[in-house]
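Chain nomenclature is as follows: A, B, C, D, E and F, assigned in order of appearance, with residue numbering initiated at 1 for each chain independently.
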Amino acid sequence: MAMKVAVYRREHFNAAHRLHNPDWDEAKNYKVFGKCNNPHYHGHNYELEVKLVGEPDPETGYVMDLKILSDIIQEDVLEKFDHKNLNLDVEAFKNLNPTAENIVVVIYNLLRPKIDPAYELQVRLYETPRNFVEYPA
Amino acid sequence: MAMKVAVYRREHFNAAHRLHNPDWDEAKNYKVFGKCNNPHYHGHNYELEVKLVGEPDPETGYVMDLKILSDIIQEDVLEKFDHKNLNLDVEAFKNLNPTAENIVVVIYNLLRPKIDPAYELQVRLYETPRNFVEYPA
Amino acid sequence: MAMKVAVYRREHFNAAHRLHNPDWDEAKNYKVFGKCNNPHYHGHNYELEVKLVGEPDPETGYVMDLKILSDIIQEDVLEKFDHKNLNLDVEAFKNLNPTAENIVVVIYNLLRPKIDPAYELQVRLYETPRNFVEYPA
Amino acid sequence: MAMKVAVYRREHFNAAHRLHNPDWDEAKNYKVFGKCNNPHYHGHNYELEVKLVGEPDPETGYVMDLKILSDIIQEDVLEKFDHKNLNLDVEAFKNLNPTAENIVVVIYNLLRPKIDPAYELQVRLYETPRNFVEYPA
Amino acid sequence: MAMKVAVYRREHFNAAHRLHNPDWDEAKNYKVFGKCNNPHYHGHNYELEVKLVGEPDPETGYVMDLKILSDIIQEDVLEKFDHKNLNLDVEAFKNLNPTAENIVVVIYNLLRPKIDPAYELQVRLYETPRNFVEYPA
Amino acid sequence: MAMKVAVYRREHFNAAHRLHNPDWDEAKNYKVFGKCNNPHYHGHNYELEVKLVGEPDPETGYVMDLKILSDIIQEDVLEKFDHKNLNLDVEAFKNLNPTAENIVVVIYNLLRPKIDPAYELQVRLYETPRNFVEYPA
């Protein structure tokens, strides 16, 4: 009988972004995105929570060594996102609006191939302490 | 294929309440509710977390603009609850004991009709940092 | 040579209150205190931080055993304030408006005689995570 | 129709532990567990969140009185774990490596028989604010 | 005898910035400021704590109505800083490197003329939960 | 005219310890230190806040690069304390009881020679979120 345990690792990164739809004119962008549309960007301290579900290994007592998970997040997400401008510096947002929803899906897609498919994976992203998102829901 | 993302908005309100069952005598009320039964009321800084699940709109990248969600919570919940006495000032608790469980269900029922049925809705309420509730479970 | 160390103990209590000046009419009270003037009260999760400054005892390594400090706060403050209506249940506020400023001074005056005068004493009170006060300044 | 509400109670304990597999030699233990393998132990402020799901009682408005839940956690978990060395002082870890995953399962198994089977039970354990686990997942 | 009480109000804003000294070449800027020198900017959720020291007014029990203090911070700081690029959008940083130290002094200088000189004023600014500054020290 | 700004860096470490005075018998140790006297040790997630006061350098806008301060804390404190048993693994506590008060003084004395004397230095140590100490006071 499977004894599934969830393990979570929390990391953070600081980044600039702006919300903008290039198919819309300036007025509509401002109407929809308000001050988040500032062409000079604004920024956040993002907090990232990565959840894996699996069975603890009987030899280690770990579902996964969280130090190894932390290294994967560091290499595959933080190196690309931390102290960056999401719109200008991150390939995935060249043609994708960096809302929290789109960022969390991009991060999931970066991590999924690096994590053994035996583990369920879920990602939560705090844009501020009062606004956050989770994928898959 | 649906790509469901959860989005969360956190708000707060300050309110007074007391726990009391009018069908019981004073002794039984005190036995069950202890100091929460104080007839002069006590109070809390409630923290409210509202979760919606849906698919991001391809044009905005939003599941729902959290500013709009915040405005709905403000108008339909906080205007009625913030700086109020839940027992005396809030219609829903005229005949309902304002435990955290009952408050969270009332808040859910206030919000559900204001949120597009396409979204799943869940509400979490912190009465203190150590006691909190969630509906639906 | 004195080696002064500060030690802090944090406690909490939940209480109802209203802000009101009985020398003013209703209109002026509402103008000054706004929704904090609600005659039915509202409430808070107060967080209380008590700071003592003194020299560590060479035998124990303690400035003061924080368990003993916690017991003093429990007996002399929390017993009187927790799950109470500050205006109606606490003697000190029978004729004193229970603003955070007045509450913190009252708490200081309750604790000062119970703490050895060799220690400097300072009290901080959080009414919400965004509004807090400290005495003496 | 069932109206299920989740209620959560958060508690904490402070404990020492080390990670170690007695079937491995020192080098392998150090390779896998790193500084967590320190033979002299290290320690944590563990935060424990216990979640119950059930229907609020119409007479009390409680799923379960969280004061009673807190007393159960105190008696069946904290008395055994708080200010202890998990490896040396807690029976369950005499032959089980006290990783967060194993601790959370042990705590679940201690609480499950003390909680009415009508309630679903889930336990979350924070080893640090950045590393935490949940069971069942 | 003066009875001085300190009152604190906490606010937040989200902004982009980069650290850069225009008198230095690119290599020296990168050497000193590292990834904070990214020419495309990065950003933060800044938390701002404003402290006033004064005597409570005997009629209100307030040192200063924190709602009024909040409005002043909103108008004189947040309107200029929130969802902005500090380097490009804020006059004060046209020729001043927006380090946390320089930002906190600028905010103090914006607030000082708006606050009655009878109050002592101190400002604390969190750039991240682990890096923060205070002025005057 | 000096423009003094305070800068703070927060770090953490996990350690085991016990409180014990070898000049006392077991009964007196248990009477004074209670469960903190457990001979098998217990432990904490310590949070460490280091404060420096100085004038911002006009070329960098920094009082001190907090990355450099973080490296000093890492090398001179965390390397010695993190994932250690304070009583057994840290030289300073071979003959000194590792109370929070004594730990904070030891950390101050480790850091003081590594920090330019032009800076004032103060250290705060959280043993738990409710018990913390500061030196010099």
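FYI, a residue touches a chain if its C-beta (ideal position, glycine included) is under 8 Å from a C-beta of that chain, and two chains touch if they have at least 3 such contacts.
Predicted model, so just to flag it, every value in this text is computed and none were measured.
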Listed chain pair B-C, C-E or A-E that repeats interface E-F [over half of contact pairs the same by residue number]: C-E
Proportion of interface numbers common to chain A and chain E (over half same, under half different): same
Chain whose average C-alpha position is farthest from chain E's own: D
Size of the rotation, in steps of 5 degrees, that lays the CA trace of chain A over chain D: 120
Centroid spacing, where centroids are CA-atom means, of chain B and chain F in whole angstrom: 41
Geometric centre distance via CA averages, chain F-chain D, whole Å: 28
In chain B, residues with contacts to at least two other chains: 129
Pairwise chain contacts under the document criterion: A-B, A-D, A-E, B-C, B-D, C-E, C-F, D-F, E-F
Complex contact set, residues of chain B against chain C: 12, 14-17, 35-36, 38, 40-45, 82-85, 88-89, 128-129
Residue ranges of chain E touching chain C (in the complex, touch as defined): 3-11, 53, 56, 59-63, 65-67, 120
Chain A residues touching chain B - in the complex, by the definition given at the top: 19, 21, 23, 32-34, 96-102, 104-105, 129-137
